[in-house]
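Lettered A, B, C and D in written order, each chain numbered from 1.
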Amino acid sequence: MKGQNGHSGALTAPAAKAEHPPVQRVAEVVGRRPVNAYTELRLAAPEIAATAVPGQFVAFAVGGPLSGSLLRRSIAIAGTGDGVVTVVVAAHGPGSTWLAGLQTGDVIDVVGPLGRPFPMPAPGTPALVVGGGYGAAALVGLAERLRATGSPVTAIAGAASADRLCSVEELGSVADEVVVTTDDGSAGRRGWVSEPAAELIADVGVVYACGPMGMLRAVGELATAAGVPSYVAVEESMACGIGVCMTCVLPVIGEDGRSRFARSCAEGPVFGGDRVRFADVGKLPYDLVGADAMGVVAP
Amino acid sequence: MTAVETAVDMGTAIGSVPIPSPVLTASGCSAFGRELEPFVDLTAIGAVVTKSVQLRPRSGRPTPRMAETPSGMLNSIGLQGPGIDGLLAEELPWLAERGVRSLVSIAGTRVEDFAELAERLRGVPGVLGLEVNISCPNVESRGEVFACDPVAASDVIAAVRAAADPAHPVYAKLSPDVTDIVSVARAVTDAGADGLSMINTLLGLVIDPDTMRPVLGGITGGLSGPAIRPVALRCVWQVHAALPQVPILGMGGIRTGLDALQFVLAGASAVSVGTAVFNDPSALGRVHEELAAALSARGFASLQDAVGHAHRPVDA
Amino acid sequence: MTAVETAVDMGTAIGSVPIPSPVLTASGCSAFGRELEPFVDLTAIGAVVTKSVQLRPRSGRPTPRMAETPSGMLNSIGLQGPGIDGLLAEELPWLAERGVRSLVSIAGTRVEDFAELAERLRGVPGVLGLEVNISCPNVESRGEVFACDPVAASDVIAAVRAAADPAHPVYAKLSPDVTDIVSVARAVTDAGADGLSMINTLLGLVIDPDTMRPVLGGITGGLSGPAIRPVALRCVWQVHAALPQVPILGMGGIRTGLDALQFVLAGASAVSVGTAVFNDPSALGRVHEELAAALSARGFASLQDAVGHAHRPVDA
Amino acid sequence: MKGQNGHSGALTAPAAKAEHPPVQRVAEVVGRRPVNAYTELRLAAPEIAATAVPGQFVAFAVGGPLSGSLLRRSIAIAGTGDGVVTVVVAAHGPGSTWLAGLQTGDVIDVVGPLGRPFPMPAPGTPALVVGGGYGAAALVGLAERLRATGSPVTAIAGAASADRLCSVEELGSVADEVVVTTDDGSAGRRGWVSEPAAELIADVGVVYACGPMGMLRAVGELATAAGVPSYVAVEESMACGIGVCMTCVLPVIGEDGRSRFARSCAEGPVFGGDRVRFADVGKLPYDLVGADAMGVVAP
C-alpha cells in the first residue's frame, strides 16, 4: 500500500469511487433483532445487496407518510447476502429512534449503496480493523473481504460499556484475533481501542477504522506516526447522502497536497487517515482552497 | 422519467427559450447535476439550475452547515464552489456534452462581480440563461442583502442584463424577507429582468439545546422545504397578480406534482424542486409525471393554460 | 400541571408584573381560556393571552378558515369575537373569578380604536396587561398593516401607552413580514412599548388542488406552527441582540420545553404556545414542566439566568 | 319535543353541553376490522367510553412521532362499552388514511368525548334516524338509547354504493325497521335517503341525521317542513376539536333568534336541523351578529 500515495508524501491514495451507481427503492424489513443496545435490521433490497462494497452506506427516508423529517438518515451497511442488506441502528435522536422501531413487514424508502468503499491493500497485507460502538458492524464485511484476498486480520472492537459493543462474534469468526475494550471495563480490556491498536500496529500493513470521530483521529494519527496507511470511515451530519447539498464536508488533503472541504458522502465516507485534518473539523483553516474568498487570511 | 399516457403539452419557456418540461432543479440543491444522473434523466427535465457561482473558488463555511427543522431545514453552506473558471472548465462542459440544459446561477457581493460573471457566460454551450442570486450581502452597503433593497437589486439586474449574452434570459431570484416583494419584483423587471425566480430561503435560526448556542456558525441560515411553501405561494400569487406578463420560476417546498400545480395555478410557468431532492433523489422526474397527470385529470390541454388559473374568476 | 422536583425558579414578568410561569397561551389559539380548563391548570400558567378583541362584536370570515400545511397551518379567522363589551361582561370576569391572569390582546383598524380599547380596560380585575395586535390593516393607510410600518406601528403604541392603565404593561406584537424587524422593534419601544410579543403569523397562501382556487376566502392567511419556528427564533435573536433591555414574549411554533428553551436562550423572558395547543390541548402545562426540567438539567438556578444566554460567548 | 323551542318559533332547543369534560390520553388499538369500504377501530379508552354520549366525537393526533400533520382529526364515536371506544374511519386524505392503517397494538393520542350529544325526546317519542355513508355508525348508539327510553326507532342508511354502506346490521338489531338506499341501486332502494325519509316523517316525533352536508340539509328541511324537530350532526373542518381555534364555524340561529357563527365542535356537532342555515354555510350573511363589523351590509 505504501507508495500508492500522491505528490504530497501522504501514505494513502484517496478512496476510489464505487463501481456501481446507487439505486432508490422501497424495501421491506425482513428481519429485526436487538443487538446489545442496538437494533439490527435486515432489508430486502437485492440491487443494493448485489453491488454494495464494504465501507458504503445507505440513506433512509424516516418518519412515514406524514413525516415532517425530510432529511435522510445515513446508516453504514453491516452486511449483504441473499438480496438482503443488514444495518445496525443506534436509537439516538427522533430519526434513528423511528428506524430502530421498524418491525418486520414494514417498508422503507432506501437509497444505496452510497459513498466510496474501503480501498483494498495488496493481497496478503496484514490488516488491523478497529471499530467503535456500532462502527464495528461496518467492518465485518471488510474483514471478510480482506481474508478472502489473503490478508491476516486482527480486529479491535471497543465501546463505552459492554452493552454498546457490536459485532464482536461476527468479527471473531473472520478475524484471526479480536481484542475487546470497554471504557468502564465491563467487557474485555478496560480503556480505549487506541491502546491495543498502538501495540498491534507494528505488525500490520494497513489499518481501517470506523467509529466516533475522536477514535478515528486517535487511530489515524497512530497509524500515520507508525508509517502505516490507514482508512477511516467518517460520520458527518448529512442532509442528502448523495453529494448534492454540501452539508457534510470536512477538511481533507487532496492528491495535490492542497486541502479542500470534501463531501463525506461523495468523496467519503472513507478517507485516508492521514488526509483528514481532524484538528480542523468544524473550522475553516486559512489554507483551504477558497478560504481566501471567505475572507479568511493566513495568520 | 418514464413517459406517461397524457395528452398535456408540458412545454414551457425560460424567458424566450423553450424547454420541454416545467420542472427544474433549484440552485444549490442539486450541485451541478452529476450526482442526480442515477435517479433522473437530466435531459428530460427543464434544466439544471446550477449552484450559485462566484468569480473565485470558495471553500464555503465551516460545519455544521445545516439543521433539520419541522418539514424543512436550515442551511448555511456559504456558496462553496469552484468559481467561474472551474464551472466553465469542468461542470458546464459535462452538462453540455450530455445535452443537459443549464440555467446558471450567479452570485457576487458587488454589482461588477455579477456583470463579469454574466460576461464570462456569453455564448457558453448548453447554457440557456442566467439566474441571478441577489440574496447575497452587498459589500458596498454595509452587508445589506441586494434582494432586500429594490434599488440595489435593480442595479445588479441592469448590469447583468447589459453584460449578458442577448440570447440568455436573465431571471432575478427574489428573497421573501421583505415587506413588499411586489416592489422589488417591479424594480428588477423595470431594470430588465426577463423573469423572476421566487423564492429564495427565509432567514432563520436554530439553537442547539446541548451547546445552547446557534447551531450554525454563521448564526442564521436559510430556511427551505415544505414548511415555507405557503409563503412561497403567497409571493408568487402577489407578484403574478401585479405583473401578470412576467414569467415566474416558482419554488419553495415543492415535493409533489400537486405542490407544483399550486405554483402553476398561482402564476408560475416553471418550477424548481430544491430541498425535496434531499428527501427523494428521484423527485424531479416524479414531480414532472405527477404534474402532467394532475393537469390532464383537470382537463388542461397544456401547462400554459394552467398558468395563473387560480386568479381567474371561478366561472371563467 | 403537577409539580416537578426542580429547584429552578420559573418566575418571570410581563413588563413589571411578576408571573409565576413563563408559559402563556397565544392570542387566538386558546380563545378566552375556558375550553382549556379540562386540560390545564389555568392559574398555574403565566397568563391567558386572550383572542384579539376589537370595539364591536365581529362575526369573523366565512369558512373555510384554515388549511393544514406541512408542520403548520394557515388561518384566516377574521378576528371573530364578542367585542369589548362582551369581553368585559363575560370573559374577563370568568377568568378573574378563578384567579387566572389575563393579558388582553387588542386590535383595531384606526389608532383611536386601539386607544379606546386600552382605556376601557383600565383597572379591570385580573387583567395584567395589554398585548397590542398591530398586524391589522390600517384603514387610514390604504389597508397597509400597522406592523409593517415603523411609523404607523409607533403611532398605535404611543396612543395605547397614553390611554392604558399605568399599571398595565403594553406589549407590541410584531409581524415577521418586514425587511427589518429591528427597526420596527426600536420604533415601538421608543414609542413606549414595555415589551415585544413576537412573532405573529407569516403571510401565506394555499391553493386547493380540487377547486384550483385559494383555499381561504380571504386568499391569503396567517402561517403558524413549528414550520415557522426558525423564523420566529431569528426575529427574537435579532431584536434581543439590538435591544437587550426590552422584554420579549417569544412565540412561533413552540411545541416542547426544548423549543421554549431555544426562545429563552435567544432572548425571550416568556413564551406563548399557540398552534401546538390544537395538537395537544395539554401543551401549556407540559411545556412548563419540560422547560423547568431542561433548565434544571443545564444547571440554571432560575429562568432569568437563561434569558439571552445564547448570545454570550461560549466561555462565559 | 315540540314546544321546547326558543323565542323564535324554532322547532328545536339547542343541544345542551355534555355533562362530562373531555380527557386526553394515549389509547391502545385493541381491535380493527374492515367494514365495507371503511375501517372500524376499537380503542382502549375507559374514561372516554364511560362518559361518552351518542352524538359526541373524539379527536386523534395523526402521523406518529415525526408527524408534520399537527391538526387533530375528528371522528364520531360509533360505540362504547367495556372501556372500549369504537370508531369507523373512511380513508380519505393523508390523516384518515394513516388512521385507517393503525394496527392492533398501536397507540394513539386521543381527546374526548367532545361536542354536544344528541338531545333526547320525551320518552316514547317515535324517532327516525338517518345515516349517510359512515355517518350511520354514529347513530347506532343513539338508536339504542332511544329504544331504551321507549322510542320506536326507524332507521335509514344510505350511501353512494353498497360498499359505502355502514352499520346496517347494527341498526337492524336495534331499530324496528331499517331502510337501505344507494345512489346506484347496488343495495336496497335506488336513490337518496330523502325519499324514504319523506315517506316516513309523518309517523315520527323527532328526526336525527348524520352524514354529508347535502344530506343533512335535505333531511333537516324535510323535517322542518313537516313540523318535526330534527337534529343533525355536522362535519365541518376542525383544527382543534375543543373550541379554541374558531375554524369550524357555521351560521346557526340561536335561541334569541339571531344568527351567529357557531363552533361546530363546541356548540355542535349536533345542531337543530331548523337552526343551521345550510344555504349560508361557507358564506357571511349580512344578518349574522357581527357581520356589520366585517363590512357586510344589508343588501
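In this text, a residue touches a chain if its C-beta (ideal position, glycine included) is under 8 Å from a C-beta of that chain, and two chains touch if they have at least 3 such contacts.
Quick caveat, the model's predicted, so the values are computed rather than measured.
Colleague: List every chain that touches both subunit A and subunit D.
Modeller: For subunit A paired with subunit D, the chains in contact with each are B, C, in label order.
Colleague: By the touch criterion stated at the start, how many steps lie between subunit A and subunit C on the shortest route?
Modeller: Minimum number of steps from subunit A to subunit C: 1.
Colleague: Tally the contacting C-beta pairs at the B-D interface and at the C-D interface, and name the larger one.
Modeller: C-D
Colleague: State, to the nearest whole Å, the distance from the C-alpha centre of subunit B to the C-alpha centre of subunit D.
Modeller: Once rounded, the distance between the two centres reads 47 Å.
Colleague: Just curious, how far off is subunit B from subunit A if you go by their C-alpha centres, in Å?
Modeller: 34
Colleague: Which subunit A residues sit where two or more other chains touch them?
Modeller: 68-69
Colleague: Two-or-more-chain contact residues of subunit B, please, as numbers and ranges.
Modeller: In subunit B, 70-72, 225-226 touch at least two other chains.
Colleague: Treating touching as the only link between chains, describe the layout with one word: line, ring, star, complete or other.
Modeller: Graph shape here is complete: every pair of chains touches.
Colleague: If you look only at subunit B, which of its residues touch subunit A in the complex?
Modeller: Against subunit A, the touching part of subunit B is residues 28-31, 34-39, 51, 54, 56-66, 68, 70-73, 75, 77-78, 80-81, 83, 225-226, 275-282.
Colleague: Which of the residues in subunit C come into contact with subunit A in the complex?
Modeller: 70-71, 226
Colleague: What does subunit B use to touch subunit C in their complex?
Modeller: 69-72, 74, 148, 177-179, 202-207, 209, 211-214, 219-220, 223, 225-231, 233-234, 237, 253, 258, 261-262, 265-266, 294, 298, 309-310, 314
Colleague: Would you tell me which residues of subunit A are touching subunit D in their complex?
Modeller: It comes out as residues 62-69, 94-95, 97-98.
Colleague: For subunit D, which residues are in contact with subunit C within the complex?
Modeller: Against subunit C, subunit D makes touches at 21-24, 61, 68-72, 109, 111, 236-237, 239-240, 242-250, 260-261, 266, 281-284, 288-294, 296.
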